[in-house]
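Each of the two complexes below includes chain A, the first together with chain B, the second together with chain C.
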Partner chain A sequence: MSKRSVHNKIKKRYSRSILALSGTALTLSSMSYADAPPTQSTVSIKSTNYQEDDLLSNEVLFGELSRYDIDVHQFQLVTPVTRNSSLQVNGSYDSLSGASPWFTSANSEGEPIVNLSGASGIYDTRRELSIGGSYYLENETVNLSIGRSAENDYNAAFINFGFTHQLNNRLTTIGVNTSISNDEIFPTDAEKFNRIKSASKRSVSTALSISHIINRFSAYQTAISVTNQKGFLSDPYKLRDVRPNSKSQYAWTNSFRIFFEKMDAALHSNYRLYHDDFGIGSHTVDFSWHQNLSTYIPFDLRFVPSIRYYTQSSANFFTNIDDFSSDPLAPQSSDYRLAAFGAISAGINFIADLNNLRITAGGERDQAKSKYSAYNVSRPSTALVRFSRISIGFDFSY
Partner chain B sequence: MTLIQKHILGLLVLLSTLNLTACVEVRAWEKGYLAKEEMAWNPDILEDALAKHIFFSKEASSGSSSAAGGGCGCN
Partner chain C sequence: MKEKFLNIKFKGMGSPCEITLMGSPNEEETLTALQHEVSRLEQKYSRFLKNSVLNAINASAGDPRGFTVDEETLAIFQHAAACYDQSDGLFDITAGPLNKIWDYRKAIVPDKNTIEETLQNVGFKRIAIKNRKVFLPSGMELDFGGIVKEYAADRLATIASKNSNLMGLINLGGDFAVIGSKHTKYKPWKVGISCPKRPSVAIAEIALHHGGLASSGDYLRCFELHGKRYSHLLNPVTGYPSTGWQSVSIAAPSCLLAGSIATIAMLKPLQESSDFLRDAGLAFVAVDSDGKMLTNLE
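The block that comes next holds the complex of A and B.
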């Protein structure tokens, strides 16, 4: 082996060690939620194409068959400011086209059938920007961020505050996080279709979490979140959609991480139990396997297969055939997202570390069906979504 | 016992098991595996944000260990 190739090999290993050490500072922070600030700046970009399957012609009475096709471009900068503080800037730009369910009716056999929005479909863009800072103390971290998102017919402004504290010899971290969002909607073609001209809603969300290191190889986190929404919660683009003016949501999440030394791999498992006062309950469980392959190839590569199962019950006021003869103020919605259903997702991601550059590429397939539901489905929705997405991302650290 | 009650019971058993194993002392220099990026709660922040946004807009449920951010016209 020549001197140069030995030198290059040592240099490469040294660079990886430095990266691994700086990564350790970052990941310890994310493992415990309260630790050291980042030691280097990282710029991340990610582009994703999200595509919903077309509906079949026998499922639709009126409108476009093609549903949403969305391109999402995300940006993030994380940079140290002082020894004890860091700055984070996030941005995203989404462009959307396609059609959305407008109302439901019965076909000649009395079965529910969906009617999609007009033949011209929907075109919209969404831009979001948020900026935040973190301050790190010996055992505490304080985060504050503000942001704004804008669509052609929707604006949201939000603020988020977080605090974490480590105790028990840094084996346990408790955290509290609060977010307030003020949203405004001003539907397009409001006069033409007799839609509400403008409306607003406010969401206040609080989460409490406890993370605990179980042993050298595993950690567990449990969290409770409560979200209250008040204001206009209906969908103004549906022909008949009336929902209550307030909603309370409760979620209990549990996460477990374990590292398998011999396999050089980590298993992630998450479970969420959810309930809201629309009458919806749900279970979400997902697993991902993070397999390192650097033993077999000359650079750091990880592949991550994942699977997710979701099931929910229906809202108290969900119907799969709109009833236009009922009291117009009585809660009623045929939105498929309020139906009882189950969904199965499977995905895979590849992550390559090339010194200061990381490349991530992956895809996911998700299919929602009434028959996947663990809950009783008395009124199956005809508009459940099947989607695929592919993405590629780059992270550059300096 | 309903399906939901069975799920809750199963979770409580799981949590109790984890608590029993939670008494091991782990020193700072023994946290090497825990510090690996693949052991982070959210190894890819952008992917996590996007996945949450997609499922938030396609399902009725939301909520996690962090509070929800800004709303969107998608839900």
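The block that comes next holds the complex of A and C.
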């Protein structure tokens, strides 16, 4: 047989079969499958109520017994812009009421006792809006977002930049994230209570993460982050609160997820190790069990019980009874968040998928106590919180 | 000045692969990326790798909850559906169980009852696809042969073509895709078409400026019994080997399209297939069981 050749000078009128197959072949061959951009728009709304338990009357010398009650309403829109890019808009509105510890003193037995902020309590609202975009390359994704938040006495502006790169047949993803935030505080009733009139702080945070898909059923992620804060880091609403004007924070987080095929369920486990130069170190361990229930009901429903244990050491300058005789410029704080304590939390969430609508509803109960601490507690705080959180969310894709 | 070619040979998707590149300062990185892409697709869609997505879908057969697939796999299903429709059910990714009852090494023709029983588990129409979920009936299994290797060739060409300075040719076990703009002034790539009986001998040559070229043939796996040739390409409607061409090669705007048309042409009865190829509007070379060639090459 002789060799023949052609320079594709074949008629260009393709048959109907060819045209039908060309469509799907072209769709398939021209697709990009990196960290894929969203193909649908998703609108999400979520409302959360966070309620701290009232303090007991024997724990308080004066002031309101009711502590913070916060309602948070969040909105998010994620929408594709082009084949390789997406836009994300986030908004939230929070309202806060209640009272917070003003100072601590000693009762007749010399035990610490809390004095809460004025009888009228605190009322504040917070609004936040951020806008961001993501650009998806073959193996990389780049994110940039900016945002602002405003409260009656607090403004913040932030910028966030993220980059991820997939390698090892896209089984491994490395990510770098940097955010910068400039915050400004201008306390209310500054002159009346001799508070600072205005102050600012700047936070710069960088995180490096690696996630790896081990096999079809399990995945692992580890990340380290470093945050540096400079500026006014004290609480101006406390009678005596002086903190250093710089703080470095280091965190190492680990997540492992494993799916048990026979049980149609997944275990999510996380561990976080934290240290800062205020002297606080902490450990957080949490587990959640994601049980699919769709075998028993006609739609996709997931039941997620979870448990978390948190413990931290106290800051070097924490005191459980404010000392007004010491050097007024020396670091000192009776903020319970700087005390050594432990906290146990349990929660339940339900996630239902109904075609284009996902409904998430759940609740959580958290109790912090000095005796739960894994660290030595030399100065127990009487103002530790017990709180409940309930939330409901809707995600609609179209 | 003579252009420098960079050439690499490796084994991927169970076949010898070869990539030839020209004209870019970062050819080495591109070659690595292309090899990774072959490996990614092999790991995802191989029948022989336990943890592949394909085997996970097959393992889900009979599960009323179905199996959720990603966008890429969904697009493969959509193309498989188009192939099934355009071939009147001959190109069927569910035909896999038939391969198990035809033993080409021992040259045994299975009995009629076995074939009929096996055909109960064949039929693309029986698969339901809803909201990214694939519902594969119990006993059925999928095989993306005839799609994935051709698609991989196109993917590699697409990835490499993102570098506008780069030109070259992808060859994944006889599935070819051209890297570079179709408006290129360079000479076309000349791809030899093998003789079905003597694969090392070229019987024709197709010049490719762009797009892809794929061949389907039974010369590598077939047997003869009592004077009758049994092809490895099985007709999913009858359960018996196809009786048409020994080999069909097609040049098309993409390798995937070329491979799909070549497979459909192999499965159709000879006369119907001849008309199908002539009407297709694509360059083709087809060789029948007597070694006679049909082509529209000039």
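Simple rule for what comes next: the second predicted complex is superposed on the first by the 364 of 398 C-alpha atoms of A that agree within 3 Å, B and C clash if a C-alpha of one lies under 4 Å from a C-alpha of the other, contacts with A are read in each partner's own complex, and residues count from 1 in each chain.
One rule holds in what follows: a residue touches a chain if its C-beta (ideal position, glycine included) is under 8 Å from a C-beta of that chain, and two chains touch if they have at least 3 such contacts.
Predicted, not measured: the structure shown is a model, and the values here were computed from it.
Once chain A of one complex is fitted onto chain A of the other, the partner contacts of A:250 are limited to chain B, with no touch recorded for chain C. One of chain B and chain C touches more residues of chain A, and that partner is B. Within the superposed three-chain model, A:203 lies in touch with chain B and out of touch with chain C [touch as defined at top]. Contacts of A:355 after superposition on the shared chain: chain C is touched, whereas chain B is not. Legend: residue contacts after superposition of the two complexes on their common chain; A:103 is shown touching neither chain B nor chain C.
Residues 23-24, 26-28, 30-31, 33, 169-170, 215-216 of chain A lie at the contact with chain B in one complex and at the contact with chain C in the other. Taken in their complex, chain B has these residues touching chain A: 3-4, 7-8, 11, 14-15, 18, 21-22, 24-26, 28, 30-47, 49-50, 54-55, 58-73, 75. Listed in rising order, the residues of chain A touching chain B in the complex are 23-24, 26-28, 30-31, 33, 44, 46, 48, 50, 72, 74, 76, 90, 124, 126, 128, 130, 147-149, 151, 153-154, 156-158, 160, 162, 169-171, 175, 177-179, 181, 183, 185, 201, 203, 205-207, 209, 211-217, 219-223, 225, 227, 249-251, 253-257, 259, 261, 265-266, 271-274, 276, 278, 280-284, 290, 292, 302, 304, 310, 312, 315, 337-338, 343, 349, 351, 360, 362, 366, 368, 374-375, 385, 387, 389, 391, 393.
Residue ranges of chain A in contact with chain C, taken from their complex: 1, 3-15, 17-18, 20-31, 33, 36, 39, 138, 169-170, 215-216, 294-295, 355. In the complex of the two chains, the chain C residues touching chain A come out as 33, 36, 39-40, 43, 51, 56, 65, 70-72, 75-76, 78-79, 81-83, 85-86, 131, 151, 154-155, 158-159, 162, 188, 190, 195, 202-209, 211, 251-254, 256-257, 260-261, 264, 276, 279-283, 293, 295-298.
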